[in-house]
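First chain A sits with chain B, and in the next complex the same chain sits with chain C.
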Partner chain A sequence: MTWTRLSNVLLPATVVFVSVVTLLLLAGTNPWDPLRVIVEGSIGWPPFEEGSARKVGDTFMLWVPIALASAGLIVTFNAGMWNIGIEGQIIMGAIAAAWVAREVSAPRPLLVFLTILAGAVGGMLWGLLVGLLRTAGGVNEIFGGLGLDFVALSLTTYLIIGPWARSGVASTSGTDPFPDEALLPSLANSKLSLLAVGITVLALVGVWILFRGTLYGLRLKAVGRNRPSSFLLGIPTNRYLLGAFMICGALAGIAGTSQATGFHFKLIPAISGGFGFLAILVVLLARFRPIWVVPISFFFAMVAVGSPGLSLRLDLHGSLGGVLQGVLVLSAMLGLGWAAYLARRRLIAGGTSST
Partner chain B sequence: MSLELRDIHKHFGPVRANDGISITVESGTLHGLLGENGAGKSTLMKVLSGFHSADSGEIVLDGKQVKLASPDDAIAAGIGMLHQDPLVFLPFSVIDNFVLGSPGAQRLDRRGAAAELSKLCERYGFTFDPHTPARLLTVGERQQLEIIRLLWLGARVLILDEPTTGISADQRAKLFVTLKALADEGMSVIFVSHKLEEVEALCQRVTVMTRGKVVGEVELPVPPEQLVEMMFGQMVEIQDRTEVALGRSHLALDSMRMASGLLSEDPISLDVKSGEVIGVAGMEGSGQDTFLRICCGMRTPAEGTVAIAGEDLTGQHYHEFLNADVKYLPAGRLEEGLIEGLTITEHFVLAGEDSNFFIDWGAARTRAEEQVDHYTIKGTEASTAESLSGGNQQRVLLAMLPPELTVLLMEHPTRGLDIESADWVWEQLLGRREGGTSIVFASADLDELLRYSDRILVFFSGRIIGELDAADTNVDEIGLLIGGRTSGGGA
Partner chain C sequence: MSGLFNAFVDMFDTATIASIVAGASALLFATMGETISEKAGVINLSVDGSMMLAALAGFVVAFETDTVWLGFPAAAAVGVAVALLIAFANIKLSLNQVAVGFVLFALCTELSRFLGNGYVGRPPVGVPAWGIPGLKSIPFLGPVMFDHNVVVYLAYLTVIATYLFMYRTRRGLELQGIGERPEAAHSRGIAVNKMRYLYTALGGALIGIGGAAFSLDVKLGWADRPTRNLGWIVLAIVIFGGWHPLRAAFGVLLFGALQAYAIKLVPEFPSLSQVLPSIPFPAMILVLVIVNWKALLKWLDRYPFLRAILRSDPPTAIGTRFEIN
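Right, the complex of A and B next:
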């Protein structure tokens, strides 16, 4: 048992270490420098040194959407669904928040609340659509979600060069900036919004409680693991699937709000930043556990903020950050897969020897 | 080619699918392999055709021991297997299917193959247009194609696994003629079936298997009653059981038809009273499954009505049936019953009446521990469903049933259980019955059906061909009905 547990950690870690070091050596650098550059570029070196408020803020504000989307995906994964449509749900959240920010005038606290609410509702409805396609239309959630991702993406582009085009110039660089009253309140000299971070922590804790201590969460898990058995037990399986998509969509929508009113301050094309897809990897690496989402998504946020520094400081191409991310995830999955395979083999070997 | 299987063992986890099987098939014979579903016939044939490798035992061909690690090895050794569903690629043409499995050649020689095909067709009286897409062939024709393909590949032992399922009487007659001709040419043919009359009509010898073991081998013909006895065992003395006064109607079917378009199906009318036990007999896939699913509302009948405790629930959602205290426990305990990965405690929480938003895990664990104790489940409240043995899974499923039940529908309540667990299960079920629950159960175990049922419905190819009073029938009568022989008596 202890050996199994140890190999579950050691094996993936070794695989990751070996492949990342190999990659960096192939790229013509020692493994240490790029890591330092990324850390320095994202949270400063030594960490959180004076004057690093801006980049720390950026890192946190990228952590927010990745972690929020991950929290949502834990719900859909537990319900047995691959919510590839999460990108679209983030985008629709951003669009809904942008609409409120542009069209509604209210005192700041109320307006901020409304943008968050709108984002949640926008993402939730887009998620519900994926769920309905699946339960009522028989469309696999992967294909339905992917299709709706494209629809949402095109809709942003249309809004940006169409009805919401910047005054004077039609440009794909984005809409006019939102009025200040609509922006998430942030600390001085930084984008860091304690409100956004707080909501993210609440979401992660909420998801943890959902699957830890509630009947709703247990039923969702049952539906995800075995739909026929759950149905026979009297659980309305379709309603639970829709519920999972709505919860995930709402959290993704808030991630979209944060991207729009807390990071870019306007609606831009591809505002989701690919964080929805990234969150799928985060959740798989975190083994569906909210607590592990926190550091893993923070690490990805650091890579995203810090890797442009690679080209400036080390004469490496900035895209190395992306390659690094990919290799990291792949090698971690590979390591986890091997560990699971070995554990299963041991289980089978143990099983036959005992009978 | 003569064939000998010596002491073949094949286990799947704790299940002994083949437990020391020895069979000898002389060359030029048609050898029947008879047994109910789950007897281990298919496993044995898969071992023989290289699909599975045996845990231990020997396969001897013409006096030489062979090792078959894959179907490829088997066909190279001259063993050809015709699967229950012929392995035909439907989008491909006849000729492409014919050449697909041919070994070695990188270059496709369709013309040469077509010549071989027509030669073989002529010899066995088949007609194929090589360019017809295989999807246009009937199941019988696909079999014919598969047979001549195996012959072309050099098969000298031919295994047929339930080959008459889904083919017409004409095609069956033709198949039998072909098989006899092949045997006359010196081919060894193994004919796997659960249909008595076919084995009787075709084979010279028959081996009967039950529960992974050979229980007998005889030279045919013998009286069919003897085969039934070998398949299902001696009739056991039926003990007296407590009489339960039958009460009001709990499950009523009125001129119900299961499927539209089945002309041979008579509408079913049935009234099950409280405290009554109905046994459902028949070979697997004869319609019992559909019947039970209609009774619990998971399927809607094509015609007629289903009423629970006097209330017409036809066409209502399964969960309405559940609210009317109808419960269905299908055969697949881990597929349709328990949830892999969840603990016993979690199962009881899911099945429980308590619908508070937050789960009180402390109380839930205590309750689960009590249940584990009370139902003598070997495991703890933290054991996951899949870690339990079949008998203990069944115990958990029974423990999860609500206290009040109008109708309990079960498939194979004791399949795969040891005698102790099986007795325990029936103790529970009979206790329910005394409480007024109506029980409808499907089983392949004739003893079980006779011992516990009040009435027995026998299914054959999608319809009920007999309704028997359990008190005045016997294993022979049911066995013959299950094999589709209505002439032997019965309704």
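Right, the complex of A and C next:
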């Protein structure tokens, strides 16, 4: 029995390790160098040494959107929904926050609160739209969401070169920077905002509690596992699905706010940074558990911050970081699936020999 | 407003229609591939990534060997490998098709960027033009249909062959069976899972060939993520096409027309020059939304003919595993 449990962990881990090392060897580098460059470029070496405050701040501020989006995705995944529309929800959150930052003038604490609120509402409404298409229109959430991703992306580009164009030259490099009062408060010499980190931790804890200790979470899970039965048991399934999309959208919207007012300080075309799709990988790797989201999304944020250094230091293309993430998630999935397959076979073999 | 109208009229000149047809080959191959795969019950969600990686493989092999035709089998091989991995993960390891497909989409996209980095901007290798003698001099139809190259003609043939195979042969009936009622197919002596491997691989090969058709014919050469978002459009068109090859082919042409129209409008609305080319993507998905709208379908039920044209019912067992008890 212990052997079985051990192999359930060891087998996937070995598969992951072997595939990552093979990949790096195939890329023509010793496997250690790229990892060192990524660690050095994102949190410094030795970790968190003096003078690496800027890098560490960047890493944390990318951890925030990835982890927030992952927290939201745990909710929709538990409801049995593939929220590919999360990219659009992040973008709409960023747009809503940018709108408040540009148009509203208020004392800083109030304004920051308003940008976060606007981001949450923007993302929530965009998520609700995916949900409505699914429940009222019968449109598969993958495609409704994808369509709304494209719409949000086009809208950003339109705003940046159109109504919100930078004074003087309109270019796709982004809008004018937001006024200082609208920016997330950060520590000196870095972008690190304890407020954003705090909200993220709260969101993860909230999602954990949602599925550990509340009736709402339990029912949401039931809806995800078996919609027809839940409906027959009297759960208003459509309302629960919409609720899941709204929670996820709100969290994604705050992620977008953090991207706009906490990292780029302006609206840029690629404001989501692809972190919505990245968060899907995080959640698949974390197997829908909020606690595992914390380290995994931190590692993914490190890769995102440290990868550009690969081309400077090792003459490797920066996309190696993305390849690494993909290989990691794929080999973990296949490894776990394989271990489960072996366990099932043992069970069957054991069953037949005892009878 | 007159600009809108003029651009619309321009759409119907022979050269524009010919260019829409010529540009459709990559999407035609890929949608046929995805239709076959989904018809058998396996969703290959990786299209956007596997098509891109296949496009790279096709270009690299054609470039290195200086033989354009060798690019196509190489691309097909990439498509087959990815498709088989999804089928294996689902059938053998009982992992979720959509999850594995999504991860492979992300991985293949990044791999194509990583491996293709050295090939950005290399001189392109293209399929030579070859008008079909005789047919190409038919007025209108000739230049529109028969004055392209072999890849485009093969794309037509693939569509027709897919249709005939699915709806006019015994094997095609079996293919529908394993996607609709795998238990029934099994009890009729069809090896459901073996067939699923086969058809997913075949679908993957066509998706791969679609990728090669893109980098060797539609838009020559290699750039960072050249086929970006086309794979998602393929998935949307398969649904729009109601898992029917001919309707899917119509969807491909509709998307091509939208793209051509959007580009024609750029001179009229210079301020939207960055936005217009990306409009067909949300537009296509909106069309999909309308076609799927439950209320609309209910209304259509009163008009069986329209319903038959517009309905879009997925294979019953799509996305599920089949296990022999």
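Rule of thumb we're sticking to: the second predicted complex is superposed on the first by the 337 of 355 C-alpha atoms of A that agree within 3 Å, B and C clash if a C-alpha of one lies under 4 Å from a C-alpha of the other, contacts with A are read in each partner's own complex, and residues count from 1 in each chain.
Note that a residue touches a chain if its C-beta (ideal position, glycine included) is under 8 Å from a C-beta of that chain, and two chains touch if they have at least 3 such contacts.
Keep in mind that this is a model prediction, so the values were computed, not measured.
Asks: Putting chain B and chain C on the same copy of chain A, do they fit or clash?
Replies: Chain B and chain C clash in the superposed model.
Asks: Touch test for A:47: chain B only (first), chain C only (second), both, or neither?
Replies: Once the two structures are laid over each other on A, A:47 reaches no partner at all.
Asks: Output check: A:185 vs chain B and chain C. Expected answer is one of first, second, both, neither. What do you get?
Replies: Neither chain B nor chain C is touched by A:185.
Asks: For the overlaid complexes, name the partner, chain B or chain C, with more touching residues on chain A.
Replies: C
Asks: Taking the superposition on A as described, I'd like to know which of chain B and chain C A:161 touches: first, second, both or neither.
Replies: second
Asks: With both complexes overlaid on chain A, does A:295 touch chain B (first), chain C (second), both or neither?
Replies: neither
Asks: According to the stated criteria, A:138 is in contact with first (chain B), second (chain C), both, or neither; which is it?
Replies: It touches chain C, and chain B stays clear.
Asks: A:198 contacts which: chain B (first), chain C (second), both, neither?
Replies: Neither: A:198 stays clear of chain B and chain C.
Asks: I'd like to know which partner A:231 touches here: chain B for first, chain C for second, both or neither.
Replies: First partner only.
Asks: For the complex, give me every residue of chain C touching chain A.
Replies: 45, 89, 92-95, 98-100, 102-104, 106-111, 113-114, 117, 229, 232, 235-236, 239, 271-272, 274-275, 278-279, 281-282, 284-286, 288-289, 292-295, 297
Asks: If you look only at chain B, which of its residues touch chain A in the complex?
Replies: Contact set of chain B toward chain A: 11, 13-14, 318-319, 322, 328, 330, 335-342, 346, 349-351, 354-359, 361, 400.
Asks: If you look only at chain A, which of its residues touch chain B in the complex?
Replies: The touching residues are 213-216, 218-219, 221-222, 225-226, 228-236, 351-352, 355.
Asks: Show which residues of chain A lie in contact with chain C when the two form their complex.
Replies: Those in contact with chain C are residues 27, 82, 133, 136-140, 142-144, 146-148, 150-151, 153-154, 157-158, 161-162, 172, 277, 280-281, 284, 317, 319-320, 322-323, 325-327, 329-330, 333-334, 337-338, 340-341.
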